[in-house]
Structure formats: structure tokens, C-alpha cells
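Think of it as A, B, C and D in the order they're written, each chain with its own count starting at 1.
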Amino acid sequence: MLALLMVILPLLFAAAAPILRKRPLALYSLLPATGVSLCLVLVAGLLYPEQDLFCLYLGGTPILAVDAVNRFFLQLIAGLFLVISIYTFFWLPAAQEHNPPRTPGTRTMHRYLFVLFMLVFVSMMNLSILSAHFGLLWVAIEASTLASAPLILFHCSEASLEAMWKYLLLCSIGIGLALFGILLLAFAGKISACPPASLGFADLSAPGVIFHPVWFKIGFVFCLVGFGTKMGLAPFHSWMPDAYSEAPAPVLALLSGALLNCCLLAVMRTLNLAPEAVLPFCRTLLTILGMLSVLVAAFLIIRQKDFKRMLAYSSIEHMGLCALLLCYCQAALSTHVIAHAICKMMLFLLAGNILLAYDTHRINSVTGMFRTLPRTACLWLFGLFAICGTPPSPLFVTEYLLVTTLPPLLAILLLVLLFIVFAGMSYACLSMTMGTPAPDCHERQTAQAAAEQLTIVPGAAALGLLILGYITVLWMKQLL
Amino acid sequence: MLLSALSCFILFAAVIFLLFFGAVWSWLCRRQPERAKWLGALSAMLGCCAGTALALPAAAQWVPTQHFAFLGLHWQIDALAGFFMLPVLILGLAAAVHSLGYLKGHDEHRQGTYWFFFNLTLLAMLLVCAAATYIELLLSWELMGIMSFALVAFSFREQEVRQAAWVYLLACHAGAVFLILMFALSWTPGYTGTAIACGLLGFGLKAGFPILHVWLPEAHPAAPAPVSAIMSAAMLNLGIYGILRFLPPVSFGLLGWLLLAIGLSGALLGIILALAQVNLKRLLAYSSIENMGIAFLGLGLGFLGLSQQNAAMAICGLGGGLLHLWNHALLKGTLFLLSGAVFKSTGTLSIDQMGGLGKDMPISKSLFITNAAALSGLPPGNAFLSEIMIYLAAFQGVLSGNQVILAAAIIAAAGLALSGGLAAAAFCKACAAVFLGLPRSPRDPEPHPECRLMLGAEFFLSALALVGIIFTPWLWESVLPGVLQQSPLIGSTNWPLSAEYGSRTLAAVRNFSFAAIALIAALSYLRHRQLSRKTLDTGCTWDCGYALPTARMQYTGTAFTQPLSDYFYLTKGQNRSTIPVQGYFPQKAAVSITVSDPGGHLVWHPLSRLTARIAERLRRIQSGFLHLYILMILIALIAMLIYAVATSLPAATTPEPLPPAIGQMHQNSAPLQP
Amino acid sequence: MNELLNLILGALLVLNLLLVSASRLRHCIKLVAIQGVLLGLLPLACAHPADGHTWQFLLVMFLSLIIKGGLLPYLLLYTTRRINVRRELEPVVGYSLSLLIILALTGGAFWLGSVVPTAVAHGASPLVLPAALSTISTGLFLMVTRRKAITQVMGFLIFENGVSIFGTGMMIHNGLLVELGLLLDIFALVFIMGIAVFNINRSFRHIDTHSLNALGD
Amino acid sequence: MPQNPFFWWAGLLAALLLAPLLLGVINKTKACFVGRQGPSLLQPYYNLHKLFRRGCIRTTVSCGPLAWAPGIELSALLLAVLFLPYANQLSPFAFAGDAFFFAYLLGLGRFALIIGALDTGSSFEGMGASREVQFSALTEGALFAVIGFLAFASRSLNLSEMLSCPLPSNIPTVIAAVILAAGIAFIIMLVENCRVPFDDPETHLELTMIHEAMILDYSGPDLGFILYSAALKLWLMTALVVLMLLPGDLAPPGVLFILHLLGIFLGGVVIGAIEAVSARFRFLKLPQFLLGALCTALIALALTVIGTGGGLQ
């Protein structure tokens, strides 16, 4: 029952948004309110795990269920949304004041619409994680795409329109292919010796079920392409840099911190269904896509001109790493996902701050951040070192575990690519933070002051990362 | 004084807390530079003293190996760790005192951040030495990289400092990546060869191997002087410490030949490039590469001795190598601190613009000249002690009878001698161009007095170097064998490393060095007495009768070493652009020489250009056209489908039996037919 | 019953060819509406689910008929009228060439249907797989080669219809809630795409997606 | 070979006292070659006596090294004197590795001179110092190759045993190698002591000097120290060459003592003859010449290795 609550609650708050259209303060407070309530429901659910309060049954088969796999994804999204909502509460007024839309005549999206879509986006993501049925999973991910598309239009400029159109079209094609893949999987089950009762994960992964190998492979390919597009794996990643360069910071934090993980969860579910005969095929496919996305991200991140696109490529690279972790070392996957989500959320919120203060995406025109935005600059460098896997961050541990389990040649190639990524990102971040600030930077004094106040949330995230890093190192010590 | 295990743990915890909380506290009150300065400096000094109280007994083996479990991680301090911690601590102490003076007029307001990163770099270097397992090593190695990067990039306003700091950061990260690869590969069977190669590359990047040294001459001039003193004196040794402790087990012969080759090429490359440098700190940085090369040469000869079961060669080589690290640390530390003093008084590091500083800074001048002479291996100095040991190891190889080793040993000895001669040339150039003669560029007339704090630090290190000569024979007999036994590479030999062979030579050299100093004093007294009765008038320099010599007529540093660097083709060909003298009354003639580091020029710049080209070509897949994106997805989809069908074809051709359930399925749909 | 099923599938195959060669947008939308209707009737021809949820089956069928046959085409027509775009001018791939390509793709779909025998064995008609694959390839082909945003939305709609042909054809029933969810999602998607097309037209004064390439590296 | 330390001390005393006489012998032979009467044999003594009694003029530019450089040069040489086995008697101060100490003491003296020269800030002295640094750096390699050869031939590492060990006279290749090595040592001696083929001690044209250019600014006792140490250095290097050629077990110590003195003076005559006959090489040719010397020393070592049957096991 609680699972339904997790999905319905944001929708209720979303419904309240148009009513509070006139009073901005109450409108903004909707977001943190949802975040807090989601966390309360989660805590309540976790306190009594024994009665499966979370399962919702419809016609005998569980529709929404919390099992070992999606439990920590749920906690991650709830926690992430709480932090992001607090940030947005402070960020929205400042953004609308300091970041005027670039193309004259257009105005930024109306506040209540932004809050409405954000809440719908979160509820759809909760639905996609909680769903225990393949079809429902597809519906939830499709709905989350629909909810997040208008959010890219926050600035209504030409570029964001183009970004939204590309995001919408490419993702829906991908998810359409995923639907075809799901139907193929169901078909592979149907024509096999003992077919699964329904498309629910419990039935599909029941011990007796057998899948027809050839059809399963074709189905898996379609599912992988579909969810891979949404996840940002290599050949299908093209929408990500464009969408990420236009969307506002909290949406980006949600997109990369939470949505990518839902699609990763979907791919993980399809991989868990794979019968023994087909598993090596799926593994090689995932490895190829993983390495390809790290390669593409590595070479496209060098000499990147826009720091948001740089973070997008870093997300592509980390999704590639998740794909590799998925098939080589599942133990480290959960740590990697949490660490990546927190770190990427921190970086995107900081990018929001920088955009607030400098009102530009170009790396070259942002210099001397140590002088103008000291706290943001420190956190920005900390984020750089954390995302590239240097020891204080947990990503170092997962990267190390991945390298030990990978075959040696792949390990060497992976490390070279990760080094190129570090080189590209460090060049950009250092040229932004160090150096003498531009002469006309004092006009934007108020914007810079506003941006500096917003560093509380990323600071907390950085602290969380440090603690998580320490715990992960201790965990790694007993592991090896 | 037998320190119990508990007191060792307390000392270890004290060191960590002092340095860490000192750093955090000085960062917190960075608004008041004065308070931050004293907080940071005191915590650094106390931390170093506590560390010495911990490391010295361990190095001298008065205390057995200590194991600590601190913050859930395992640390251990044995003789080898203690031996390599001592330079870090001593240099840390000297650099802390020197920084107080150095930062007075220079970035005064940013003392808080300086001391924050200074203390944390010291802490990270100590933790690298104390790491027990590879996890602690990787953690503290990368932490050391980042903290020292922040120090190198301290004055990040200038563009070349940012560029140098970035290159340094990449070198540290690449080193850590190689180490990760080494530990990862050392467990997979069949890949121990590559594991050793990655280990050597990883540690070599930090220790300044010949090709991997590119970051060193960039980072040291960019860093503030006390920081570059610590980095070149203490941080380079950690590369060798890593090899001795963490390298997977390897055959002595192979390691010996590798280190010999690396050492010789490093020494010669380092010193030849040092000759042609115009920047004082770059010259010192290249000479660090040369001295690391000499240390590797010694270790290489030692390992060859171990492979030949030749006890004398082994102990002389290994002991000489480690001793040379120690001597180099003290001398190079003083030289870098002095270069900081020179930078503070003249504002520039370019040798060709200095000159005549000896009159303004007499003490620094004499300190610089004595330390430079000592570092180029001349007898009264302590570096001569380690070089004579390495020569003994080489000539043991000559006498050993194995012809291949004989050839290698004689070439090593000749190479070492050549690098010694060239080092003397490079340091003569440094001393003369900076301190002696007339000032080549205008300077403020009233010279401000030399800062006492900086002089104190420099004297402290020079005194330690002098005291080091006295204790070298004791160090050789009792400390070094114990230290070498700790390294898993050497410790595994079943046959004891007895050090009685070299001690007689060391004792003799020590006596003769002091005899030399006494003789010099006697002769100068004799001269003084002789001249006291005579007339002592002064005149201008005898320039073959020309009465008005100007500063421009002096030999500049570049001119001094021009014959040698031309001989090694550094300043010839495309590196030199000249405006020749034309006509009877030449208007303008000029020579501009740019010395490019062959390592970077031939290896690393082409590599980065290649990656940039690949990046340009790959950029086209992100063209912006929606249709191409969709096409890319479909092509990838079709490729994967073909791959799926191809792998499952063998399965599809075997006609599988019709599963029974299908038949049953058919029935239930039948009734629907009308 | 099989004859009706084969009839509908055959009609769908022919529709694909017409869709590709249609140059006037309004004509194209009408064809999509026909395809939606045919798709709505398809479940009738196939076998009913055995466990007697007939009323759910009929409700889903009726709703998909309404949405895919009526509501979405009307929405597209309304959009084309509002931004008064008439014809798909010089698409990336000419009409006759695209016709040949679709023919080839459908041929390929038939070949695939025959190569993979197991699909037929269990009761569905041999035409289902080829029809589904050819509709999907038509949808994707339209999206890749046509410039106008409206045509890309239609391409996407055809692609979805192809997928549901496969779903209903192979009698995969996954519960009322999921079927309704599918329909609702497709409707919402096309609705938002329509709004996006409005915005693109207002700010760019054209809806040629080929020239939308400002964002790129 | 009977050890009689008395003759070693006598050799030492002879070195300290008769060193300037060797300069006189060289100048006298040069004069005889060209038919001049030339300065008397004791002229260097008179010069030293005169210089020590004089005051000295110090340049204003100098800030210290000019004063203590001659002292260091002389003390380095006074120490180096202790390690040579005069009259093939083992020196009481010998220890393993004193060959390298001997070489580096010469290096110390040279370093002091160069710093002193650069301290005056004159272009000529800078030129002399720069050339001195270049050629001495390149001779280091050759010197150590010769030491390597001696170490291998005599199976020991201290200078006394190297030079006074009885040579296995029965193997012709070893004898050829020893003569070759002695030749290389003679060339190194000529370079180190700025004798004619490499540098002209008596020239008055500053542009062509190396060693002389460095001591232009010295006067009075400083110049006296430098002249005496130059003479001592010449004696030491000649003694090195003579002792290499003199087999240790030839005769009783007394005869050996007289032989080695005669040998040194004969060396002086040979140097004077070379100076009178040949002219100075071009400076650009010298590096190749020194590299040739290094290679010949290595060849000499190879000869002994092969001659003695692949190293003495």
C-alpha cells in the first residue's frame, strides 16, 4: 500500500500546484514538502519491513513491490529529491531574476508548471522503480520522459526547444524499441516449454520458467537498445549532451542522478532474467557498449567548450562504467550508483550556481572563480576530483574493483580512457577556477552573492561523499 | 631508550592529529593571516618533531617494527619506512621555518591556504611511508598528489604556473593509474611481467625516470621555494621507496639491468639538460633528475651484485644508492631554499639577469657555493661519500670476472664520472652567474638584509649535512643493512647483507675530508698572516689593460656552458636563432636560444597532438542533426541484431523437438473458432 | 477467423506503402487514422484470452480504436491546420525511392518471418511478424527521412502501431492496467509532441527539423 | 717486493721539494731545443720566493672566492700527494677507493679555481673557466677508464697497489695494454696541466689560454700558492705515469726510489720536448681527441681482459 502512496503523494502535491499559482512562496514550498513526505513514507516502510506494506496486488500478481534490488534505488531517489527540492526552493527565485532568457520576447516557463512537472517526474520515477511488472515499468519510464521533456523548456529559448525536441523524439524511439523488446521477451517465454504466467518479474524469474534462446536474444537486444538510449550508452547517447546543455540545474541533477539509475535498474532486471545459455552473449554486448561509451565520452570531453556538456559526457562515461560493473562486479554497482548520483547532483547544482553568477555556458568566459565564487570553486574542484575517482571519493574504490575483475587488456584500455577523461575535465575545471577574473565581473555582484548562498546543499553533498568514501574504503578492506 | 608499542602509537596519532588539525585550524582562520601563519607553522614543526621522534628509532632499529590500526586502516613503521620518513620530516621542518620568511612579502594574505596544503602534503607523504597494504598506499599516494598540486599551483595567477600545475596533476594521476594497474595485474596469473612494468612506470613517474621526468622541470620552478625543496628532496625518494617495498617479486638480474640503464640515462640526460637551463630552479630540478639517476645507478649495481652473489658489490651499490638519496635530500633542500632567497631579493629566477648578489647576500653566497660543490660530488661534501660507494660497487663489478657485468660496470663508472664533471660545470654556472661578478640587471641600490629565518633553515640543513659526514660510517654499519633487509625484494635473500666491506673506506674518507677542511683553514690563516704585514690595495679587474669593464662584458651563464651544450647538440640547430653581425658598423646582433626538453618534445607533445586529432575526428558524430542521431541508433540496433542472430545460428540449425506444451496451447485456442 | 486476421494484416501492409508515398500531410494523417482503426479491429480476429476477462479485453480494444483511430489523427489534423503547413517538400529521400526501400524492407520482413519457423507453430498467423516488422520499419523510415516535425510525429505513431500489431497478433496479454497505461502514454506523447511543434513553429517560423542543428560539438 | 716505508717518505719529501724543479727542467729543455740558454733550473724557486714576499692587489668586483680559491687548490693537492706509491712502496694512507678520492681531489682544486676565476667578473677569465670546465668534464671519463684498467690489471682498488703491483710480464698483450694505458695517462696529464698540445702555459694572448686565463687576477702569495700547486700537480701526474710503467718487483726500494725520480725528470724532458716541437690543437678538435682517449682506455681494458684469459677467476 505504501508503494502506491509513494507514487500518488507527488501527484497530489502536483495537483495542488496550479491552485497555489498566485502565491509563489507556498508554491515553492510544495517541492520540499513532497520530499519530506516521501522520506517519511520510506522510513515508515523500512521500519516495518516484515509486513510487505509495500506490495500492491492487482488481480493476484503484484504490481508495485519493493525487493532487494530496487530498495536502495528507491532510498537514493527519495534522498536525492529531498536535497534537490531544498536547493530548488532557494534557486528558482534567483534563477528567474538573474538568468533572463537569452532570446528576447520569450519568458521563462511559469513557476507552477515547473513545480507541477517536477513532481510528476518524481512520481513517475518512483513508479518505474517500484513497478514489478515489465509493461508497467515501460509505462512509467515513458511517462517520466514525458514529464521531464517540458522541464527542459524552462528557458523557452530556441536552443532549449531544439534540445527538447531531440530529447523527446530520440527517447521515445528508444523506449518504443524497448516496448518491442519486452513483447519479444514475453513471446520468447510464451513459445518455450513452460511459459511464465504473466510479465511480472516474480513470474518471469520463477524457477521453472524457460525462455526460447534465440527470441530471448533478439528481445534482449531491443530492450538493451531501448533502455540504453534512455541511459545514455554510447551509440545512442546523442540526445544527452544537447538536452543537458539546455535544462536547468535541479532538473539536470534529477535527470542524471535518478532517471539514469531507473533505466539502469530496467537493464539490470532484463539481465537478471537471462537464462544461462544467453548470459555470455548479454555480457559481451554490455561490455562492448560500456567500453564504447567510455571511449566516446573520453574523446569528446577533451577541449569541451560548454561545462554542462562536459558533465553530460561524464554521465555517459559513468553509465558506461555502470554497464561494465553490471556484468563484471555487481557487488560494487550499488556503491558506484550512489556515489555517482550524489557527485553528479553536486556538480550540476554547482553548474547551476556558476550559470547563475556568470550567465554563460562557455568554459573560456568563466575564469577566476576562486576570486568571485570561492566556496563554489572549492566544491567544484572537489567534485572534479571525486567524479574522476581519486581516493577520498568512493568512485575510486569501485573503479579499482572493476579494474581487478576486468580482463587485463580491457583494464589497461579502460584506465587509459579514464586518464584522458581526467585530463580533459581537469583542464576545463582548472581554467575555470584559477586565473584572474574577467574585468567586468563586479557588475554581477548580487548574482555572485546569491550563488554563494546556494552552496549549502552541494557542501552537504560533498560531506556525504567524504563519509561514503570512508565507509566504502572500510568495506573494501574486508572484501579483499 | 626502548619506546613501548603504546608510546609509538601515541606518537603516530600525535603526528597525524597535529598535522591534520593544524591544517584545518589554519584554514579556518585564514581571514587573519598572522594567526593562520603561526598556527600552521607551529603545527608543522611540532608534527615534524614528533615524527622524527617516531621515525628515528625505527630507522636506527632501536625499536622493532611497529604496526598500528588507525581509523580502520593498517599502518606500519619499520626501518625502511623510518629511513624514508626522515628526509620528509627534516625537510618539512626546514621548509616550515623557511616559509615563514619566504611568504613575508609574497602572497601574504593567503597564508591560511598555504599552511593548510603544506601540512596535509607532509601528512600524506608520511602516510605513504607508513602504508602497510596497497590500499593505504593508493589512498595516501593520490592524496599526496592532490595536496602537492595545490601547493605547486599556489601562485596561480600566472599562466605558466597553471600550466605547470596541470601537467604535474596529470603526472600524479597517471602514476596512481599505473599503480592501480600494477596491484590489479599482480594477482592475475601470467601478467606479472606487465605488473612489474606498470609498477616501475608508476613509481618512476614520481621518481623522475628519464622519459617520465617531463613534469619535474615544469613543477619545481612554479612551486614556492620551500615546497619545491620538499618535493625534490623528499617526494622523489618516495618513488624509490615504493619500488623497494611494493614492487611484486622480480629476478635480481632483470631489475638490476633495468635500474642500471634507467639510472645511467637519467643521470646523463638530467645533467646535460641542466647545463643549458636559464631558470635557476629548472637547473636545480634537472640536477634532481641527475641525482635520482645516480641513486638508481647505485641500486641497479646493488641488484646486479645480488644476482651474482657478490656481497661487496651488493652492499656498496644498494647502500650507496640509499645514502645518496639521503645526501641529495639535504643538499638539494638547501639549494632550493637558497634559490627562494635569491628569488625574493631579485624578483626573477632567470640566471642571465642576476649577478653580483654575493655582496648583498654574503652568507647565502657562501652557503650556495659550498652546497653546490658538495652536491657535484667534491670531497669535503657528504655526496662524495655515497658516490665513492657507488664507484666501489661499479669497480667490484669490474673485478667480478663476469665479462658482461664488467663492460656495464666500466661504462657506468665512466658515465658517473662524466655526469660528476658536468654537474660541477652546471653548478659553477649557477654559483657564478647568480652570486659572483657584477649585477647584470639594475637592482634597488640599498639591499635589504637577509632574512634570519630563511638563513636559519638553510644553516640547519647544511649543518645536518656536515654532521652526516661524521655519522656516515656508523650509519653504514648499523643502519643500512637493517633498512635493506626490510624491503621484501632484498629481504627475501637467504644470505645476510654484512656491511663491514665499505666502512673502512668511509672512515678514511671522513678523516681526510676533515683533514682537508683543517688544511684549508691553516692555509687561509697562513695567507692572512702573510698579507697582514703587506700593503693590500684594490684595483679594477685585469681585463688585459682595459680600464672600464662593464657588467655586460662578463660571461653570462649561457655563454659559460655554451661549448658543452653545443657539444651535446642542445643549443645547436633549430634551437638557436641568431641575428648575425653585418656590415662594418653592426647595428644589432642577437642570439636567442630556446632549450626544449627532448623527453617532452619527442614523446609527450606528439602523443597529445594525436589524441587531439582523434578527438576532432570523433567530434563529428555529435553533428547536431537529429536524423543522423536516429540513423546511428538504427545502425547500432541492426548490427547488434546481426551479431545476436550470428551467435545463435548454430543453435537455430539444429531442429529442436517440438515442446509438448505447444500442442496443448493449440487446443485451448481451438474452441474459439466459430 | 484466420481469413479476417490475414485480411487486416494484408491491409496494414498495403497501408505502409501508401503512407510512404503520400506527400500531402492531411492525406497521410487520414491513412494513419485508417491504420489505427484496423489495429483496433485486430484483437477481434485473434483468439480471445482463455481466462475469461473478456470485458477487459473488449474495453481495451474499444479504447485503442477510439484513441488511435479517432483522437490522435484529429489532433494531428488540428495541428496541421493551425500551422497551415501543406506539403512535405523535398524530403531527404525522394518518394519513389522511399517506396522502393519500404518494399525491400517488407520483403526482408517476410524473409525473416519464414526463417524463424517457431513463430508460426503456436497458432498465430504467419503474417503477424512480417506485418509488425514492416510497419515498424516504415515508422522509423519516415522519422529518419522526413524533414517536417509533424511527419516525424506520424512516423513515431506508425512505429507504435507496428509494435502493438506484434503485441496483439502474438496474443500477449499483460493486464488491463498496463494496456491502459500504454494507450495513455502514447496519447500523452503525441499530445506533447503536438505542443512542441506549436512552439517550434512559433519561435522558428518553420518546422523543418533538419535545420534544427544549433546544438552540436 | 720488500716494503721499506722510509723510501716512500723520501719520495713524498722529494715531491714537495722538487716539484718546482720539474718546471725548471721543462723550461730548460725547451730552451735547449731552440738553442737559447733559457732560465736557470731554479728560476721557479726564485719566482715563488719573490711572490711570497710581495703584497697583493685585489679587484673590487670580487666578493670572497678569489681569496680562498688558491688555498683550497693547494690543500687539495697536498692531500692528493699522500696517495701515490712513491718508489713503488705502498703508501701508509692507502684505502680501498682512494683512486676516486685522488681524482675528485683534483676536481675540487679545479672547482675552486673556476669559482675564483668567475668571481673577478672578467670576460677573459670567464672564457678560460668555461674552456677548463668543458675539457675537464670530458677528461673525467677517460681518467676513470684508466683507473678501471689499473683496477682490473692489479685486482685491487687502492691506488698504491694498482701502481706498484708486479706486472705479469710474460703476457705480451698485457704489456701492450699497460703501455697504451700509460700513454692515455700521459695525455690526461698534458690536458690537466695545460701543457702545449692542449693549452699553452707561456702564451701572452689571453684569448688562447685556458688555465693561465683563470689566474690572471692573482698576485702575491695567491699567485705563489697557485704556481706551487700547479707544479705539484704536474709532479703528481708525471709520477702517476712513471709508476704505471715501473714494474713493482724490478729492484730493491733504494734503486726504485732513484729510478722513479729519474723517470719523473725524464718525463719533464719529454714534456719540454713536445712543447718545443708541436703547436697547440684547435679548441674544437679537443672534445673528439678526449673521446678518442676514453675509447683507447676502454680498448686497453678489453685487451687486458682478453689477454688474461677472460678475467682472473
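The rule we apply is simple: a residue touches a chain if its C-beta (ideal position, glycine included) is under 8 Å from a C-beta of that chain, and two chains touch if they have at least 3 such contacts.
Please read all numbers here as calculations on a predicted model, not as lab measurements.
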Quick check for you: compute each chain's CA centroid and the global CA centroid, then name the chain with the smallest gap between them.
B
Which integer distance in Å separates the CA centroid of subunit A from that of subunit D?
79
Take the average of all CA coordinates in subunit B, do the same for subunit C, and state the distance between these two points in whole angstrom.
68
Can you work out the whole-Å distance between the CA centroids of subunit A and subunit B?
42
When the C-alpha atoms of subunit A and subunit C are each averaged to a single point, how far apart are the two points in Å?
31
Among the residues of subunit B, which ones contact at least 2 other chains?
619, 622, 624, 626, 630, 652, 662
Quick check on subunit C: which residues sit in contact with 2+ other chains?
116, 121-122, 140, 143, 171, 209, 212-217
Listed in rising order, subunit A residues that touch 2 or more other chains are 165-166, 169, 173, 191, 214, 241-242, 300
Okay, what are all the chain pairs that touch?
A-B, A-C, B-C, B-D
Within the complex, which stretch of subunit B touches subunit D?
355-356, 358-359, 362, 365-366, 369, 373, 376-380, 384, 387-388, 391-392, 395, 398-399, 401-403, 406, 410, 413-418, 420-422, 424-425, 428, 431-432, 435-438, 504-505, 508-509, 512, 515-516, 519-520, 522-524, 527, 530-531, 534-544, 549, 551, 553-555, 559-564, 567
Mind listing the subunit A positions that touch subunit C in their complex?
58-59, 61, 63, 103, 106, 133-136, 138-139, 142-143, 146, 149-150, 153, 156, 158-159, 161-166, 168-169, 172-173, 176, 179-180, 183-184, 186-187, 190-191, 198-199, 212, 214-215, 241-242, 245-246, 300, 304-305, 309
Which of the residues in subunit B end up touching subunit A in this complex?
71-73, 135, 138-139, 142-143, 145-146, 153, 156-157, 159, 162, 165-166, 169-170, 173-174, 176-177, 180-181, 183-185, 187-188, 191, 194, 611-612, 614-615, 618-619, 621-622, 624, 626, 628-630, 632-633, 635-637, 640-641, 643-645, 647-648, 651-652, 659-662
Residue ranges of subunit C touching subunit A (in the complex, touch as defined)
116, 118-119, 121-122, 136, 140, 143, 149, 152, 156, 159-160, 162-163, 166-167, 170-172, 174-179, 181-182, 184-185, 188-189, 192-193, 196, 199-200, 203-204, 209, 212-217
Which subunit B residues qualify as touching subunit C in the complex?
619, 622-627, 630-631, 634, 652, 658, 662, 665-666, 668-669, 672-674
